[in-house]
Structure formats: C-alpha cells, structure tokens
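Right, I'll just put the structure down here and ask away after.
Which chain is which? They are A, B and C, in the order written, and residues in each are numbered from 1.
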Amino acid sequence: MSEMKGESVSSTIEAAVRVETKRQPLPPRERLQQVFDIRDLTAIYGSKPALKDVSMEVYKNLVTAVIGPSGCGKSTFIRCLNRMNDLVPSFRQTGTIRYHGQDISGRDVDPVAVRRTIGMVFQRPNPFPKSIHDNVAWGLKVLGMKDNLSDRVERALTQAALWDEVKDRLKASALSLSGGQQQRLCIARAIAVEPDVVLMDEPASALDPIATQAIEQLLHELKGQYSFVIVTHNMQQAARVADMTAFFSISRGEEGERWGELIEYDATEKIFTAPSDRRTEDYVTGRFG
Amino acid sequence: MSAVELSPLHRPQDRLRRRRVFNRGMEALAWLAAAIAVFFLGVVVWSVAQRGWSQLNLDFLTKSQVQFEPAVPQGLANAFAGSLVLVGLATAMALPFGILIAVYVNEFAPRPIRSAIGLTLDVLAGVPAIVIGFFVYGLIVVAHGQSAYAGAFALAVIMLPFVYRATVEVLALVPNSLREAGLGVGAPRWRTTLGIVLPQTIGGVLTGTTLAVARVAGETAPLLFTCSLAPNGIHWNPSGAIQSVPVAVFELSDSAEPSDHARAWAAALVLILFILVASLTARWLATRSKRKIMRAGR
Amino acid sequence: MTSLDATTDAARRPFPGRRARFGDLILQGTAGIAAVGALVLVGLIVWKIASGARPALHAFGLPFVWHVVWNPVHGREAYGAGSFLFGTAVTSIGALLLATPIALGVALFLSELAPGWIRGPVTALVETLAAIPSVVIGLWGILVLAPILRDHVDPALHSTIGFIPLFGPSSYGSNVFTGIVVLTIMILPIIASISRELFLTVPQELKEGALGLGVTRWEMVRGVVFPYAGGGVAAAMILGFGRAVGEAIAVALVLGDGLGIHLNLFDTGQTLGGKIALNYQGSGSGLETSSLIYLALILLVFSILVNLLAQLIVRRAARRKGLAA
C-alpha cells in the first residue's frame, strides 16, 4: 500500500506541487518564527463540538492552508484565530491560542485589538456600500491612520493588484465592481490597516479562474510582509499557494456525533506527495468518502 | 514599560483605549434607551392597572352611565355594548372590502395599478383619525345626524388599510404552484382564487383583522364627530348615536369629578386588557398560519 | 395527447371557456370595483374636507393658515390656524427630537446588544407600547404625568436652565412640554420598531467585514449599520412625525387649550388636531365649523405629503439595495 503513495496522487496536484517546490525549500521548522501557537483548541456551538483538540503552529511570512471536507470546522478554526466567533452567542472554546506568545483567547483580551492585528477576508466579497476609495479609507480613518490617507489607499489597492483597474473611478460605488475585483478590494481593505496576519476563508470560492489566479498571485507577492492563513476546499489551490498545509477531517463518535479534528499538519509538499496518515492520503487523492 | 506595551497586539496609534471607552458609552446609552422605553410602558400600564383595578366590579360592568348623577352607582355597560356594536359593524364593512381590494391587487391588477392602489392605501393609513372623523361628519352626519353607522363607517375607513395590507401580504406568500394546481385540473380562475388561494390566507387575514380591531377599539378621534352624543342607557340600534369605551374615557378624563376619573381608569384598563389579549391572539394566529402556508407550499 | 395540451393551456391562459369566463368576470369585476372604491374613498375624503372648509376659505383665504386668532364671539368672528400650527410644530418637532435618539437606542439594543433572553420580551413590550390607545395615554398624561411635571420637573428646569427662553415660568400642568412628553411616548415605539426591523436586515457579512478590521461595535454601527438602514430610518422618523402631527386626542387633553405664539414650553398651547377634537360637541356658528374643517384640511394635506415623502424615500432606498444584492 504505502509504496503506491506516489502514484496515487493525482497528476495535476503533483504538477502544482512541483512548480511550487521549485521556488525554494522550506527551512526546518525550528528555524521558523511562530506567529500562532495553538494548543488543544476545542470549539463548541451550543453543546455540539465543531472542533476538538487542535494543536498546531502557524509560522511567520508563510502561507498556511487549511483543507478538509465540508463541515470539518475550517471556518470555525480560522474564526477562532481573530475572535470572530465571539459574535456567535452560543459559541464557547477551550484550549489556548498564543499569538507571539500572548494568549489571545482569554476574556481579558479585547477582541477588537485582536482583529485589528489579525485581519480577515471572507468567503463572499463583502465590500461596504460605499465608494471604492471609502471602502479602503474607512478602516484607516477609524483606526486613526489618517496621515497620508490617499497614499495609503493607493498603496493598499496597488498591493491588492487593483489600482490600475480602479484608479480612474475611486469615487464609484464598490458594488459596481466585478466579483473578483470586489474580493481584491476586500483584501486591500484588510491590508490597508497594516495587520500582521491575514486570515482568508475560501477567498476565491465565489470567483472565476482568472480572478482566482489574480488572488493567488497576490498571496505570493505579499507573503513577505504578512502571514497568511487560507481556508480552501480546492486542493490544487492549496498546493499552488501554501507553504504549510493542515488537513482537517470529520470524526464520528459512537453515538453518531460528529466533530472536526486536525489530522495532519506538515509542509505542503509532504501533505500532497507523502502524507503520513491514511485519511489525508484518501482525501488528497480524491478517494475520500 | 507597562505590560500593555509589551503586548504584540499593542498599536499606539489606534487610541484603542479611548475608542473602547466611547464604545462602552454608546452601548450604555442604548441600554439606557431601552430602559427608558420599558420604564414608560411600565409606568403607564401600572398607573392604569393600579387605579382601574379597584373599580372593576360588577356594577361597573353591568350598570350604565347616568350623567350628572354622581351619587348613583354607575358603570360603563352602555359603552361596552356600544363599542361592541361599533367595532363589529366596522369589521363587517372593512373586511370584505379590504379582502376584495387585496385579491384584485395580487391576482388581477397590472403592475402600475397595483402600486397606485398600494400607495393610495398607504396614504389612507397616514390620514389622521380626526380628519377621517370630520370626513364622515361631512359625508353622513351633516345630513342624517350622528349614528353608530356613521361611527362604524369612520372606524372602517381606518381599518381598511390594515386589512388590505395583511391580506396582500399573505396572498403574496401563497405559492404559485397552488394556483397552477387549481388551474391545472381545469378549474376556472375564479374558482381557483376563491376555493384554493383565498382559504390559504384565512390565518393571515384573521391576524390582520385582529390587530385592526385592537387598533380601532381604542380610537376616539373618528367617533367624536360621528357617534359621541349618546343618550343614557344601553342601546343596540345602530341608527342612533351610542356610547363607546374610548369616547367615555375621553369625556370622563376631562371631567373635574374624581369618581369620573376612577371610572375613566377602569375603562382604560379594560381597553388595555382587550388590546393585550387581541395582540397575543394575533401573534398566535400569525405563527400558526405561517406554518400552514409553508406546509401547503411543499 | 390532446388532454395534456388542454391542461397546460388552461394553466397558461386564465380564460379557458365561456362559462368560466363569466365567473372570472364577476370576481375580477367586484374586486376591481372594490379597488376603484379605495381610490374613490381617498378622493372623497379630500373633496369632502375641502368643500367643508370652503366657507372659511372664502372668508379668510390663505392668510388663515398663519393668522393667530380664534374668536367665536358673534359679530367679531375671526379665525386663523397660526396658533395651532405653531403648537403642532413645536410639540411634534419636540417629540421627534426626544423620541428619535431614544428609539434608535432601543432599536440598536434590540438588534445588536441585547442578550437573547431579553430580546423577545422587550420587543414585545415596545410593540405593546405602540398599541396603547391615544386616549389612554392622554388620560395618563393629564392625571399622572401633568401633576408630576408641574410640581417637580418644570420648576426644576426653570430654575436651572431658565435663562433659555424655552424654559420659562410654569403654572399649569397642562402645557406644551407635557404635550411633547406625551407625543414622545406615542411615537417612540413606532420609530423604534421600524428601525429595529431595518437594522436586522443589515447583512451579517457587512458587519463582520467591518469588525474584522478591528473596529469597535459602535464604529461598526456608525460605519455600516446606519448608512445601510439610513433611508428607512428617515422614513420611519417621517412617519412618526406624521403621527405626532395628526394626533388629536392625547394632546387635546394635556395642552391646556391656549392661544398664541410663545417660546415658553411651560405655557399652554394647542394643536390643530387638539383644537378640532375639543369642539366635538358642536361649535358656535357655521363659520367656526368651517374653520375647524379648514384646520383638518391643513392636517390632511400635510399627512398626504408626509406619506408620499416617506414612500419615496423607502422606494429609493429599496432600489439602491436592489443594486447591492
């Protein structure tokens, strides 16, 4: 069985991984700087656990992908990282999430400060019903970054690879943009306020392949400045953009209860070419079911 | 160096502390606003209940008013009877009229007419009740004198937009598949509308009607010019003016006699209780009928 | 084959046969007549009120609207709406100014802040407050509120901020200020419950988009919720204002039926609706009745304008949101 591993990986993914790994090898994990150190994270909605005992690290200036079947708790997981789940009244969580050594999941930590440093891009583009300029400028103004406002807006839009397309119509409504442009605007909005980490929950799932490519390109270019955690259901995408990949899956208890678990977390190349867990292998080779 | 500054989350330019305090302040104001609203409701209901409760005895419910005789034990039976007649008549007038308009708008009318009628009824809903009263005064009372018919007509004009809106909203909820099913078995359109579509709306129409009844049962303004100069005693004949609960409260509260005030409080309590019961009933009907329509849609 | 054709055809065409067509005509006819009846009814209201006001219109013309006089003494009869228009404006604007911030606070509380178990009961309470008849609020206003304001609140306000002409000396409990408070209680639940519904329509995604940037809840409300619901809230305020302007019963009881234009909120006043209501037992002359109807005409025209404006705002806001979706 184990000898067949290499062959069973679908060739597209393999190709994607090869392209990816040609660029540069990942330094050993000990040499990487940790951004998040997550220990025994368990997340519960009401009385139903969505995620159990997740422990992993997220490293600085890398793209970390989270993959897994629908309902395995990917969204739940990254929404824990910037306290977005505080908005769900029935939500509770145990375990620790250390961000540069500080536990950010405690009651004494202000979620507003957490989200300000750890930004988020959502599955469906959600620009504010304001102008293109104001979408980016609003956060800057509220957060007191009012100096060189138009420079900052321009820089964010440039980084999000949107500037050339919108520079002549900054006053136009953001809702007049295409879906892909809207999503890049949301990325510009998130990075304009200079976060440290950007979380992305399936940022390309509502977009066409060209818009998706633009966003993947942008991740490559920006990861020198930010650390990214990206949820995706698209394995090729994970293989293309991510340095590290975490595979989550659904476990079933004796009484039929279901919860999400972290199965395997490793360098992307390893996850896709030589996974050490059967379940990972089944999933990345499409034999999941 | 404080611990705060060591935090990796700390961004001095954010002025987070100030913003947090401001946020707290605004949240506190919202709580305060809710407390004020609840307080005023509590105070109004409490005042009415406290003052009206002791008066709610058998005499009050069974004897009628005798004007200028404060010594005689009095009740408001005449006003209760009158309100019953007025609201019943008004419902009988407004209900079929409102339903027919809604049927026309939802089932037959072309788009521009639809929005024109909707707008007209919205405007009607916004016309002050006192103006409606004066309108009926000019239309009926000047020629025929005050009567329960006139008063009920004024109340019906106020009810009409409520009934219409309730019906149109449920009609819009009735799934098209049901209409197609009716037409599909070869039934003509009128049969489909009356036999299949309209029965689906009964719950919603009842909800709307109950709310409208609760609303007009407390309306004073439209009755002042149309049905307020009532003779003593209980009357059931709608061709003459009859007393009603809201008009009685209005008159009694303007009096200088403390015993009149006492009866005004008791009558107000009866009104509030009636409206509470009606709203609860409406809420119950609403949830029930929604469930039924949902099921029919599947 | 043919029978299948017939059924699909019937579904498409509303008039399958001659007999059925007759029934259709009857239903469509009666319903159509009812709909026309609604249009006629509103036209009739305008016409009746206008024609009732005609004698006064002839006698006093347009200046009636701003003349501050109401003199029913035979031989020296003179009427004008100025005083009541002023009273209506002061009480309604005052009520709107007091009610709007509280109502928005209540709506925000119910849509954003309240813990789940408080939400339902408080929403129901606010809706109950909206359903209390105006005559009951008026009764409470004159017998409970007015004495409290007269004995405690009015003097306190006068002695502390009496340098503002609005808070002059007080003597009666029935005054403009009491009217403002009563109207505030009446329109607060209207604005609050409409605004609450509007705030609940703001997509969760937009709110999360804002909060994800690291802004506080209030900043999110200001930046996202208010702009999104703005048009509807404006319409709700206009409707509440229209309701305050048209209210007759509650204010008739608590305003003290004064005449004249003055800044002192602690003096008596009267509104258009209140003046009409207090004359329900008959007026001295035909001209006075006609003048009262003239007051009603002013109210009617105003209420129609206010409602059309509110509808316009609602429709424009809906169209803008349609673009967003």
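Criterion: a contact is a pair of C-beta atoms (placed from the backbone, for glycine too) under 8 Å apart; a residue touches a chain by one contact, two chains touch by 3 or more.
If you're wondering where the values come from, they're calculated on a predicted model, not measured in any experiment.
Contact topology of the protein chains: fully connected, every pair of chains touching. Here A-C and B-C are compared, and the pair linked by more C-beta contacts is B-C. For the pair chain A and chain B, the distance between mean C-alpha positions equals 52 Å. If you average the Cα atoms of chain A and of chain C, the two centres end up 50 Å apart. The mean-CA centres of chain B and chain C are about 15 angstrom from one another, to the nearest whole unit.
Counting partner chains per residue, chain C shows two or more touched chains at residues 214, 216, 219.
Counting only residues that touch two or more partner chains, chain A has 112-114, 116-117, 142-143.
Contact of a single residue of chain B with at least two other chains is seen at positions 14, 19-20. Touching chain A in their complex are the following residues of chain C: 115-116, 203, 205-216, 219, 223-224, 227-228, 320, 323-324. Touching chain C in their complex are the following residues of chain A: 82, 84, 87, 89, 112-117, 119-122, 124, 126-130, 138-139, 142-143, 173, 175, 186, 189-190, 193, 195. Residues 14, 19-20, 22-23, 26-27, 29-34, 36-38, 40-41, 43-45, 47-48, 97, 100-101, 103-105, 107-109, 113, 116-117, 119-132, 134-135, 137-139, 157, 160, 164, 180, 183-186, 188-191, 193-194, 214-215, 217-221, 224-225, 228-229, 246, 249-250, 253-254, 261, 264-265, 268, 271-272, 275-276, 279 of chain B are the ones touching chain C in the complex. Within the complex, the chain B residues that touch chain A are 7-11, 13-16, 19-20. Chain A makes touch with chain B in their complex at residues 99-102, 104, 109-110, 112-114, 116-117, 142-145, 196.
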